[in-house]
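The following blocks contain the structures, represented as structure tokens.
The following pair of complexes shares a single chain, subunit A, combined with subunit B in the former and subunit C in the latter.
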Partner chain A sequence: MSTPPTINLTRYRLIRNGVFVWLTLVVLGAFSFGGYLLNIPKINILEHTARNLYFHVPMWFTMMAATGVSAYHSFRVLQTGDYVRDIRARAAAMMAVVFGLLGLLTGIVWARFTWYVSADIWWNFDPKQSMAAVQVLIYGAYFVLRSGIEDTRKQARIAAVYNLFAFVTVPFLLYVLPRQLESLHPGADGNPAFSDITHPVMRLVFYPAIIGFIGLFWVLYTQRVRLALLQRRVDHDDDLL
Partner chain B sequence: MILEPTILQDSTAVSTAYDSVWAGQSVPTQAPTGIESVMLAHDKLFVVLSVALIIWFGLMFVTLRTDRHLEKVERSLESNISDTD
Partner chain C sequence: MKDVRLELRNRYAINMLLMFVFSALLLVLFAVGQEPVSERVQAAVLWIVILFSAAIGLGRAFISEEERGTVLLLQLNTRGSMVYAGKLFYNFLLIFCLNLVAVGAFVVFLNVNIRLPGLLLLTLFLGALGLAGATTLLSAIIARTASRGPLLPVLLFPLLFPLLLSVIGSTRSAFPNGLGWSAAVDELLALTGFAGVVISASVLLFDYVWQD
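Moving on, here comes the complex of A and B:
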């Protein structure tokens, strides 16, 4: 009998511990101020909430990374029919939904006290917000589709095809369409883009934050892959391996 | 860095029990000492930092616990399979 598929635990632990240290430093950097380390520029309306850049925006970068990983493994499902690829595609899509929801929620709170301050509204159908919500729903439908198919091989193949379609919509829903419409987000219809308005000192925390959160995605995704592999061994009592 | 609490100062006219401390009055009068001298500085932003770090350390702890649990199940499954072979 061949050994059941597993993950490289030594590499996993190394990366996990690195991500923990890295993101702790990011949190400390995000709150540093007042002449100690990184004094962020004062901007009207935004004030200290500009620091949300370190947390809200990396959620979307992480979601995009997760959809990329998921689509890659879905492509490999169609190529090889390997069920481990399907487990990986599914785990990555699940984390894409998680980070997408976190991005939506943090965006709602941030907008309430900046864009919509004293207007007392939490949601005003900002195109980028709406498109992001549609994006999360598209990935949510991936799991609905899966649960509707009994045969596991068929489930893996059909879910893979749908997942590739879902991945193609990502750049359009998160970049192309919001930039054609009137949005309060940077880079939309006449607004200055991120690169024009972000002070260099904030990039010292922002870029490491993106790397750190993508690392955190990798840790949680790998955890779910391990769990799914275990579940499969329990369900099939190893007879298919 | 200090943001003017203009809205809160305006509320002195309609002062109620819960905002009487902050509404434009300069209490507490004595200088903060010990841990308060750190935590109250910069509009109490260090309090938020503490909260964020507690949450982050909690999440790390849960992740490590889940890993340990997975390892335990993997080990027990391993020994079960070698028993039945």
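Moving on, here comes the complex of A and C:
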């Protein structure tokens, strides 16, 4: 058991507000059109829905980042048995679910109103979409498992084992799914590569958007970690009462 | 290990699994009726039945130890990896027999003909290995939880998507309209890799679940 980490609040607030300002700029950049500065080029089929690129794609990057953070902290739980690591793993898993759902939602809406307008299909068996759904399922199971164990130390250890175990099976999805399912994503069979359809102007917003959403993940994640630490102090420290 | 002998003596799990497979297949049979079923659906139904019966039957492995109160003895006397190996072997045998029976029943009931029995056998073998590898660690996990039984499918199914897709793919290749060995190589490789990764990850992680 270690002492709870000390938090430099001034720096924390600075970074948090920085992230919010950054994201505001990204959103402004994403929706600026009609002769203003960042007019996106016209792309076949996509047209203005291409702006979804700024939101949909960063969700995946963020989910991957959250998954990685969660798995790393789960690994450290097994190494050290530290409860702070467990709190971090859990918060990151929660964020992975949130961003995974947002990515699914933006992806489904995008596909529905761009490629399947007449077909009336909401769910398409896109490999990346299926993978995200599976990833969300895994974390759902992770939280169900956590609630099934009462002893907190045992809960931390066994949840970490499950998290890592699930983490190692995910690469197989990456390998197996694209062989069996068709994709709407760039780079998949017959679709143009990502670099062919993105204009430099779009990248001007796209890359900051990735940074911005990962920053948003960081803000939400640290906030949940701090909340959980405070909760724990309320539960365990008698001097506070 | 002793599990196999114990199982041979009381035959509880194997009987239960066989009954489950038969009744599930009969349900499918009646639900489908006389309609001819496409090969993809045949493969899918076969593996869904196998997965569900595995999820029900294999969860017993460690719970039975807890119930009989032999956990402490095993923890003291043997190394965790030996316990894991024993359970894995037992689960693997169980699921492999189950697969063979399920396929046999399938052939009889649904008039499936199989063009490449060797390919199907290899698929069943690798599928059973991956399935046993995944369920053994998870059944050790659920033996530690309060609710036990119904949790295993919840934990297991999200992990089995790659396995399910690969086995269905290579099972289809073994059917008359399938593409044969050349098309199944990818899937067989994926299955081998899945089983390998799952089992080695289990060996590494098992001690953390096993020891208090």
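Annotations
Just so we're on the same page, the second predicted complex is superposed on the first by the 214 of 241 C-alpha atoms of A that agree within 3 Å, B and C clash if a C-alpha of one lies under 4 Å from a C-alpha of the other, contacts with A are read in each partner's own complex, and residues count from 1 in each chain.
Basically, contacts are C-beta pairs under 8 Å (C-beta built on N, C-alpha and C of every residue); 3 or more make two chains touch, one makes a residue touch a chain.
Just so you know, these numbers come straight off a predicted model, no measurement behind them.
When the two structures are aligned on the shared chain, A:Val144 is found in touch with subunit C, with no touch to subunit B.
Once the two complexes are overlaid on the shared chain, A:Thr24 sits against subunit B while remaining clear of subunit C. By the touch criterion stated above, A:Val134 is placed in contact with subunit C alone, subunit B being left untouched. Applying the stated contact rule after C-alpha superposition, one finds that A:Leu14 touches neither subunit B nor subunit C.
In the superposed model, A:Leu227 lies in contact with subunit B only, and not with subunit C.
Once the two complexes are laid over each other on the shared chain, residue contacts for A:Val109 go to neither subunit B nor subunit C. Once chain A of one complex is fitted onto chain A of the other, the partner contacts of A:Leu173 are limited to subunit C, with no touch recorded for subunit B.
Those residues of subunit C that touch subunit A in the complex are listed here as 134, 137-138, 141-142, 144-147, 151, 154-155, 157-159, 161-163, 165-166, 169, 186-187, 190, 193-194, 197-198, 201-202, 205, 208-209, 212.
Contact residues on subunit A toward subunit B in their complex (touch as defined above): 1, 6, 9, 13, 16, 20, 23-24, 27-28, 30-31, 33-34, 47-48, 219-220, 223, 226-227, 230, 233-234, 238.
For subunit A in complex with subunit C, the residues that touch the partner chain are 78, 130, 134, 137-138, 140-141, 144-145, 148-150, 154, 157-158, 160-162, 164-166, 168-169, 172-173, 175-177, 179-180. Of all residues in subunit B, only 1, 3, 41-43, 45-46, 48-49, 52-53, 56, 60, 63, 66-67, 70-71, 73-74, 77, 81, 85 touch subunit A in the complex they form.
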